[in-house]
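Heads up, there are several structures right after this.
Heads up, the next two complexes both have chain A, just with different partners, chain B and then chain C.
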Partner chain A sequence: MTRFLALRFARALLSIVLVVTFAFVVLRLSGDPALTIMSPEAPPEAIAAFRKAWGLDQPIWLQYLHYFGAIVHGELGVSMRDGRSALTVVTERIPATLMITIPALMLKIALGIPAGITAALHRNTLRDRLLMAGAVAGFTVPSFVLGLLLVLVFAVRLGWLPSGGDERWSSAVLPVLTLGLGGAGILARFTRSAMLEVLGQPYIRTASAKGVPWRLVVRHHALPNAAIPTVTVVGFMIGSLIAGAVVVESVFSWPGVGRLLVVAVANRDLAVVQCILLLVSATMVMANLIVDLLYGVLDPRLRVSTAAAH
Partner chain B sequence: MPRIGRRGAIGLAASAAALPRFAIAQADTRPVVTVAVQKISNSNTLDCLREQSNVGTRMAAMYTERLIDLNYQSKLEPVPGLATEWRRIDDRTVEFTLRPNVRMHNGDLFSAEDVAASFSPQRMFGDTRPSVQGKTLPLSGNIVTMTASKDLPREIPPVARRLWPAFDRVEIVNAQTVRFVNATPDVTIEGRASARGSDIVSGRAFSEAASWLDYARKPVGTGPYRIVEFKPDQSLTLEAHDAYWGGRPPIRQLRLVEVPEVPSRVNGLLAGEFQFACDIPPDQIADIEKNPAFEVQGSLVPNHRLTTFDKHHPQLADPRIRLAMAHAIDRQSIVESLWAGRTRIPAGLQWEFYGRMFVTGWTVPEFDQQKARALVKAAGYKGDAIPYRLLNNYYTNQVFNAQALVEMWRAVGLNVQIEMKENWTQVFERTPTRAVRDWSNSAVFNDPVSSIVSQHGPNGEQQQYGEWENAEMNRLSLELETSTDWDRRHAIFARLLQICEREDPAYTVLHQNAVFTAKRKDIRWKVAPSFAMDFRAQNWGA
Partner chain C sequence: MSDLALPAAAAPRRRRTTLPLGVALAAAWIVLMLLVALGADWLRPYGITALDLRARLLPPVGFGGSVHHLLGTDELGRDVLSRLIVSIRISLLIAFCATVIAAVLGTTLGFLAAHFRGLAEQAVLMLIDFQASMPFLILALAVLAFFGNSLTLFVCLMGLYGWERHARIARGLAIAATAQGYAAAVRQLGASPLRVYLRHVLPNIASTLIVSATLSFPEIVLLESGLSFLGLGVQPPMTSLGNMVGYGREYLTRAPWILLAPSATVVLTTLAVSMLGDWLRDRLDPTLA
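After this line comes the complex of A and B, so read on.
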């Protein structure tokens, strides 16, 4: 088990290092932060001074070494536009993002999983078709279209909810709905597929043949076995809690990490972008790790096979 | 007559003491106004030198003011601001009489000390000297950039020197009188004093700020509204400065919120959450005005859109090709199709508010395809590609405009190829493929040195990036900056237009830029001919 965990952690760490390295190289090759932050009208001397002040005049490999050295010491750099620690700039935006992504995740689970199960249990009926049509619509309509549609109906026409901002609790409703409905559609599709696959298995037929009531067959045999692919998708959704709302935050002027990322990339605020990517990749990797561990809990065969392999 | 006992009298007195305050608080029925903008500040600061962008200009005059103000309800002509009057002492010196009894946002009385502090090396010029005209702006010293220290960021002195290249010192004559002394003769000292960048802040607040960034996030000025809170990339909250010298501000709280998406700004306006939505593209105007409760006010601003040339590109080395490109452009079509006719074609790189320096009769090269074809033929152009480096709508309608231009150039035999670029670094990159790009030029005060010299002269961006230079232009630019002979200056400016727009084209002007602000129709408010928004009493009624 220790070896299993150590391997998973090492892989997780490598993933984070690769993501950060990739972001570091791409950001520096795709534009000069000095010119972007200072504006093209800034005098060349000021731009040169800016580059020097931020170490951008050094070779890229040296900048990379300095950056990683700093990370090892727990320093994620200073925002070029803000003058404060990049970590502070990013962490103060996280609560706002979680305020919409966590309820949205709950909405996805609350709507998506029951819808998927219901559709599977009523395969090829009108109910199945209606639910799946809704699910397909949910995840194929781009979030900015869905968001604007909801604003048009609930804010402009009915005047029930604010169209954006974060001043009131009700401001979160439309962003949560936008995020939640799209994700619920994805989850419903996955759950339905997983359930259909399980329902076709011999052990389901056996259980039914033994006279076990159908609801018990579903609860004790179908649902646990169908949970693994669903948990995988939910794991990805948990991984994207921090930066999964870039478009929605822009549409609703929600001051979260997603909007910060857009602004930071546009301005080549390197430390902030790298800090966000580091946090996002760490969250994603951690979520995957938890999902891996959950597999063992949900399906004892996986624990046994892992133990046998080691 | 009812009798009032001792206890009753005490109670009545207590009520009397409490009631008026409550009544006063309740009486403040002034509205809270929310303005949705695409961006509040590009630099994440509110310092007038660090934040020189158009978006930063929008609300700046509401919290800091200059000695000479601009008439935002007319044609931006100079009007008394924090100075009630000014007079020339000699060709290098202007004396300002300061407005008395002006209360700053921190409660201090505005004085000559604040002017001196605002124009001090610590706030504006660093260790630069007033000897930079015609030369590269010098920078030295251990000054850092945008950190939480007290030091002046390195980019501030060059910006300050661009506006005040030969500023020497402020002399305090007495508490209500100051003199601006220039190192060289300059007839534009008054104009420079009215430009953004010459804003006056509290000397005490500046020196007491824990860091430069703390000051720059909350400058203490004299404007009608004081800064309550600035959340970078999110919102700016101002509240009425009731001791404002120009009268009680009409709005209790003025809030700018950053809403990056156009549809979100429009929806918020229609839903009643915003009273104003700024940065509206021309193609949205008709849709908004379908609702009779709303209107879109357009305003021409002192900023022109240009196509800029790199004369060192082999296909553009012959000035006849650049002139042909200028003659090939049907500007009226661009104005009508992309701007719904709500802007205009200006008379070259100049504005009417130049006053006596305006060159009457000057025009942009006329749309004449025959002339353009003749020039192309005379230059011996063989059809080689002319690259056009283009950003994705950094300017309003930029991509549509570029596509239209390419077709217009194709019609006269020029093979211009668009190359999409992601950022300005790629646009400016000094490689053999740099030839044509987009730009816009502003006039920050009412004299051509603020535009044609500042942007195309020896210290202008085009020359600094090595796209274009002209010896006569450089010689005349310096003379225009220092001459005190108005007739001579006018002749020089006319000659500069001739050089830059006809003989050796550095650029060609396409159209004047305009800003569009959507608002509730029942609010009496008039958009200014500027990026600035005016929320003072004389421009408000609901």
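After this line comes the complex of A and C, so read on.
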């Protein structure tokens, strides 16, 4: 188990290193920072002085190390728009995003997993067909279309809910619905195929053949095994809590990280974009790590095989 | 022996193609979209930037509009139908190019990994893991922020979507294929690795790769339209389906038809291609997740 954990941890670190490298390479490829920040007409001495001040005259590998060091110390640059630290600009938007992504995640799980299980248990019946048609609709309808349709119906025609903004709690209802319904479709399809895979296994037949009631076969043999792949998808969803609402936040003018990202990309506010990129990859890697640890809990074989290896 | 041979001989007859209604409709819709995309210049009644300021925000025919503008007009009096037709062409073209790029890139990397094994394989696997663990939208937005936007860059960027899935499949299948007799035989005959992979392994695994490309095509359509909707994809004066929805959003209350027509097109097209992809997968390769 220790070796398994160490390996997973090393892989997580490697992913972070890769993202930082990606950001560094892209940043350097996109143009000379000295010319981007200072105007091209600036005197050559001023540009040279700027290069020296920021270490841009040093060899590229040294620059890379410095860049890395700065990120480790949490120095992520300042936002071009108001000169505040990019990290502050980004972190103050996180609560707003979580306010819609966490309820949306709960909605996805509450709708998607039961729907997938029901569909798998009643395979090829009308119920299965209807549920899966709903699931397919859930993920082929793009979130901006679903969001705008909901606005058209509930805000414009019926006037029940606000169409955007964040002044009232009811403003969150439509974004949460939009995010949740789409994700529930994906989760339902995934759960169904995981369940079907498990239900086809010989141990299920064995369990029913020895007279275990079907209800208990499902509860004790099918569900725990189908949980393993489903947890992976849920883990991915948890990892994208911070930036999983880019489009939806834009549709509803919700002041979260996703909206900030879109505005920052449009204004080429590189420090903010880089900060969000690193933050998202860190959450993603953390979520993957947690999923890996959960595997150990859910799948006893993993514990046994690693223990046996020692 | 003859007992064993019988079911095998009977099998092809049983598997005779009877297209399910849904799949037939999906295929028909795709054909229609392809025809529209190919014939866009002949089909569109007006130019996409042709203004008709006296006929602004005209509703579609049947909702109080005129037959001159079947799907109505927008704020500047541009014909929605013409813009829809051209948008279909651009969105499909981008998605098609991107799918091809992703498939070629993924297959090449998969083959390289399968051929060289060792360090090269580990490097490819690491890239696959990395790509699979990051939300693609965020990476794409970061690249667009750093490099600005141009159509070429945008298409290449979309072409990075889903390469990891193709690479994973190509690697797995190529490793399995090279262990089989036919690959060893042509290698013994002196064929170069390039020839073995392109002329012998590729045709044998092509069906699986095509299915996997069909499954990623609708996702690319959604991604492109999402980015264009945000104003970060296809730039005006060009138009794409997502672009039209993003523009129409401003007139949601006064002229919902501007965004409903392209929205319906995106939904039906992605639905049709995924249905076809699912059906192809079930027929050609049920093991594909």
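By our rule, the second predicted complex is superposed on the first by the 261 of 310 C-alpha atoms of A that agree within 3 Å, B and C clash if a C-alpha of one lies under 4 Å from a C-alpha of the other, contacts with A are read in each partner's own complex, and residues count from 1 in each chain.
Following the convention adopted for this analysis, contacts are C-beta pairs under 8 Å (C-beta built on N, C-alpha and C of every residue); 3 or more make two chains touch, one makes a residue touch a chain.
Here the structure is a predicted model, which is why all the values come from computation and not from measurement.
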Which of chain B and chain C A:Val156 touches, first, second, both or neither: both
First, second, both or neither for A:Leu260, with chain B first and chain C second: first
Which superposed partner A:Leu148 touches (first chain B, second chain C, both, neither): both
First, second, both or neither for A:Leu105, with chain B first and chain C second: neither
Chain B versus chain C as contact partner of A:Ser193, first or second or both or neither: second
Contacts of A:Ser250 with chain B and chain C, given as first, second, both or neither: both
Which superposed partner A:Ser240 touches (first chain B, second chain C, both, neither): second
Which superposed partner A:Ala226 touches (first chain B, second chain C, both, neither): neither
Chain B versus chain C as contact partner of A:Arg81, first or second or both or neither: first
Residues on chain A lying within both footprints (that of chain B and that of chain C): 30, 144, 148, 151-152, 156, 250-251, 262, 268
Chain A - residues contacting chain C, complex: 11, 14-15, 18-19, 22-23, 26-27, 29-30, 136-137, 140-145, 148-149, 151-152, 156, 193, 239-240, 243-244, 246-247, 250-251, 261-262, 264-266, 268-270, 273-274, 276-277, 280-281, 284-285, 288
Residue ranges of chain A in contact with chain B within the complex: 30-32, 35-46, 49-50, 53-54, 78, 80-84, 144, 148, 151-152, 155-156, 159, 162-165, 250-253, 255, 259-260, 262-263, 268
Chain C to chain A touching residues, read off their complex: 126, 129-130, 133-135, 137-139, 141-148, 218, 222, 225-226, 229-232, 242, 245-246, 249, 252-253, 256, 259, 263, 266-267, 270-271, 274-275, 289
Complex interface listing, chain B residues touching chain A: 42-44, 52-53, 136-139, 143-148, 154-155, 158-159, 162, 211, 213, 231-234, 257-261, 263-264, 267-268, 270-273, 422-428, 459, 461, 464-465
